[in-house]
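The structure under discussion appears below in the form of structure tokens.
Each chain gets a letter, A, B and C, in the order it is written, and its residues are counted from 1.
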Amino acid sequence: MVRYVVTRLLQLIPTLFGLSVLLFIWVRALPGGPDTALLPENATAADRERLRQDLGLNDPIWVQYAAFLARLAQLDFGHTLRGRAVSTELAERFPATIELAFVAMLIAVVVGIPLGYLAARNRGRFLDVSAVGGSLIGICTPVFFLAFILKEIFAVRLGWLPSSSRLTPGTSYTDITGLRVVDGIITGEFHVAWDAVVHLILPALALASIPLAVVTRMTRASVMETLGEDFVRTAESKGLTARVIQFRHVLRNAMLPVVTAIGLLTGALLAGAVLTESVFAFGGIGSFLFQATQSRDYAAIMGTVLLIATVFVVVNLVVDLLYTVLDPRVTVDR
Amino acid sequence: MNLPGTATKAAKIDRLAELSVSSSDVRGRSLWLEAFSRLRRSPMAIVGAVIVSAFVIVAVAAPLLAPHDPTAQLWRGDVFPNRSIFVGPRAENPLGLDHAGRDLLSRMLVGARQSLMVGVVATLIGLSVGALIGGVSGAAAGMGRRLGRAVDSVLMRFVDMLLSIPALLIAISVAALLGPSLTTLMIAVGAAQVPIFARLLRGSMLAQSRSDFVTASIALGVRRPKVVVSHVLPNSLGPVLVQGTLTLATAIIEAAALSYLGLGSPDISRPEWGGMLADAQRFLGSAPHMALFPAVAIIITALGFTLLGEAMREALDPKLKK
Amino acid sequence: MTVRREPATPVLTVEDLSITFTQRGAAPTRAVDRVSFEIGAGEVVGLVGESGCGKSVTALAVMGLLADRNVEIGGRIAYAGTELLGLPRKRMRDLRGADLAMIFQDPLSALNPVVPVGRQITEMLSRHRGLRGRDADAEAVQLLGRVGIPDPERRLKEYPHQMSGGMRQRAMIAMAVSCGPRLLIADEPTTALDVTIQAQVLELLKDLVETEGTALLMITHDLGVVAGLCDRVNVLYAGRVVEAAPRHELFGNPVHPYTTGLLRSIPRMDGDRGVPLNPIRGSVNDLVAWADGCAFAPRCDRYELECLAGTPAVTELPGVDHEHRCVNPPGTPAVVR
């Protein structure tokens, strides 16, 4: 097991190395060159010369890359057009996105797995057809449009839920982890936690649409395939109760591909945050990337892409490790 | 009891032929024909195909169908009477006017054309670049020599790395480099699909090259490059075709997302559904029709391609054969 | 001659069993057509035929494991006098595993890959015998030991993929006999195993039947298995029993051309190498509906026009408990085509 973890960690190196090369090339290829692209339009010649010095743009290309790598290693992603360090911005905003993505994934899993399972058990009936149809529509709906619709209906028209930000403006809170719900519970400020939950509902629902659709369809397909497996028939032949057959024999096996799918969905979830956070003015890295894209803030774009890609790779590593626990066959196959 | 002479051989054969119910009537039909016949019986495929063909027809015939010039501002006397600059559906403009007073139906029809173009070109970009990488990689791995394996492993590391960046972020990065335009949309959305196609083609080529018939061909002395070209590639086409169809759906949705992020086409004379939907968000409260029609069009079209793609996947999947 | 035990009530009675698969958009297919046989306690009955002849479907029907939808079952199946068809689901669930148990062909796919083998045995013990925790584990160890698995305590915690094919099938058998069933159905239990292991597994089954008096329904396409194990044999072709007889009678005096064909296609160690093997022509796919005549006619060397004059009647050979369904059996002049 330890050897497996080490191997998998070592496999991360080429991936992250390649990613850094790609981002380096990307920065070089920016319109007007990095010194123009990374500075605001009103930058002075002195600003420009300082950046050229910082980036070492007068050095040979491999020295530039080495310097680039060194800066990445120190989590120095440069400065936004407004002059703040990208890493500081990301550090401040990332907890909000984690909170949002976690709740969205929770919705996807808690609703999607039972729904997919029931759809598979009732193949071809109304529930199945509507679950499949609903997930297809979910996949085909632009996320930002869904976010706007939810906001328009539940926040603007009905006024049931807040339409923007993470807490009601003016609420005082204690910041420990940056996760408002968790902080509220830790400090005993339950009204803060509740307020944060209420603010999470709409953006999380919008963000959950695609993972929910994927988890539902994946569970359905996987359960259907497992139901046809020989060992399920064996379990039936043993006269086990329906509950034992369904949980221990069907679901236990059917969940394996779903776990992988959930890992792969984290990427889509973090990217989708760009489309939902901006609608709800939810101050995570999604809003940050949205603003960066609108204002062509390349340093911010690069930092966010790197962060999301790294998180994605790490989450999938964790899922792979989890898999060895869930599926006893995996470690031996290696 | 009949004696041998009384029943002629011919009569016996005829009678047998008449009563034989050979259950192997599908024998000899090709995989593709069989898949096609299954496709024709699938309601999912039929719905998908109807939507897709309607979309293509509208897109191609858009200039003929559009009742108005999509860039002409049509409001005159009717703008301010009820203090709203928005004109909803009415007789001469069945879908109403947009915020600049242009006929929404005409813009939708012309927009279908841009959306189709974005989808098709993006898919072709993703497919061709991805197929090139995946094909080289798969063929190299299939050859089995040391150099081949090295080429394969380098290319696949690269693809894996690209896969670790969510598609939308690849599209954003590419679009940020190129600046907003319709061409950018196509390239950005297409680039995001490259790693998927590359992985897919390589995977299915490798699966094929491990199959018994390829082993048999090699054992019979057929040269490896020839095996790859004549056996492995054609058999890998199915999954690529399925993915291509599904990508058309993704492309249309992703183009909308990029437009929303301000990376879409700024050219008002060539509207695109995603861009129209993104623009309309600002007026959602006062002019919901402006968002609704492009949104519904995007959802239905994407659904059409998804249904068709999924039905094709099912039809081509040998595991699902009865 | 073997002495056939004749118990008062057979453990299993199958009478005129017909199974038809109906599917929307396709013609109904009859997989099993009026099959009848009985099995007494301690008796081994073979169901022999090529794949697709309906033998496995028959087994699943007895176990009540056929799907509810798209299947029509006619005739009767009785276990120790209890009618199984139409028995409430819950009652059937209680019988399954406890009174009727089944061993499947491929133990690797028939065992749950992510549940330890021991757990797959103890779950049955707790369901039918109320054994839990350490008691169940101890019983499982004992069962594994009994089917010849060395070091059973350790094996208990292993997963199926960690065992060899023979071990897995032994574990499967341990599982099947764990609740002392009176009827055991073995569906091609040795097909997926190496030849050397096959003999061991058959020996184990034979031993179980002899010591416990279990009735065994042996489903196989391998006449070697039949010869080694079965007291009585039913040969199935296209869903019908074409010949049924005690083992020695069948091997000594086969009547139906399909049976003779099966016997002739076994390669023999002591045979003359110059004599070619004699496979049956064609495949099960070429057939005639039983209503029109003999389904085997298209593949039969002895085919005559009268073979196609309606369903062939059952002919009984007097005094030897041997029946067959051939219109033109050997002894009448064969026509060479």
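Please note the rule applied: a residue touches a chain if its C-beta (ideal position, glycine included) is under 8 Å from a C-beta of that chain, and two chains touch if they have at least 3 such contacts.
If you're wondering where the values come from, they're calculated on a predicted model, not measured in any experiment.
Chemist: Going by C-alpha centres, which chain would you call the most central?
Modeler: Minimum centroid-to-centroid distance belongs to B.
Chemist: Counting only C-alpha atoms to place each centre, which chain is farthest from chain C?
Modeler: Ranked by distance of C-alpha centres from chain C, the top chain is A.
Chemist: Nearest whole angstrom, what separates the Cα centre of chain A from the Cα centre of chain B?
Modeler: Centre-to-centre distance between chain A and chain B: 25 Å.
Chemist: Based only on mean CA positions, could you tell me how far chain A sits from chain C in angstrom?
Modeler: A distance of 54 Å separates the two centres.
Chemist: Taking the mean of the CA coordinates per chain, how far is chain B from chain C in Å?
Modeler: Going by mean C-alpha positions, chain B sits 49 Å from chain C.
Chemist: Which residues does chain A have that touch at least 2 chains other than itself?
Modeler: Correct list: empty.
Chemist: Okay, in this complex, where on chain A does chain B touch?
Modeler: Listed in rising order, the residues of chain A that touch chain B are 14-15, 18-19, 22, 26, 29-31, 136-137, 139-145, 148-149, 152, 156, 267-268, 270-272, 274-275, 279, 289-290, 293-294, 296, 298, 301, 304-305, 308-309, 312-313, 316.
Chemist: Under the touch definition given earlier, write down the residues of chain C that touch chain A in their complex.
Modeler: 60, 63, 65, 93-98, 101-102, 104, 106, 109-115, 123-124, 127-128, 159, 161-162, 172, 175
Chemist: Hey, which residues of chain B end up touching chain A in the complex?
Modeler: 157-158, 160-162, 164-169, 172-173, 176-177, 179, 249, 253, 256-257, 260-263, 274, 277-278, 281, 284-285, 288, 291, 295, 298-299, 302-303, 306-307, 310
Chemist: Could you please specify the touching residues of chain C with respect to chain B in the complex?
Modeler: 25, 283, 285-289, 292-293, 297-298, 303-306, 308, 332-333, 335, 337
Chemist: Using the touch definition from the top, list the residues of chain A that touch chain C in their complex.
Modeler: Spelled out, the residues of chain A in touch with chain C are 229-231, 233-241, 244, 248-249, 252-253, 256, 326-329, 332.
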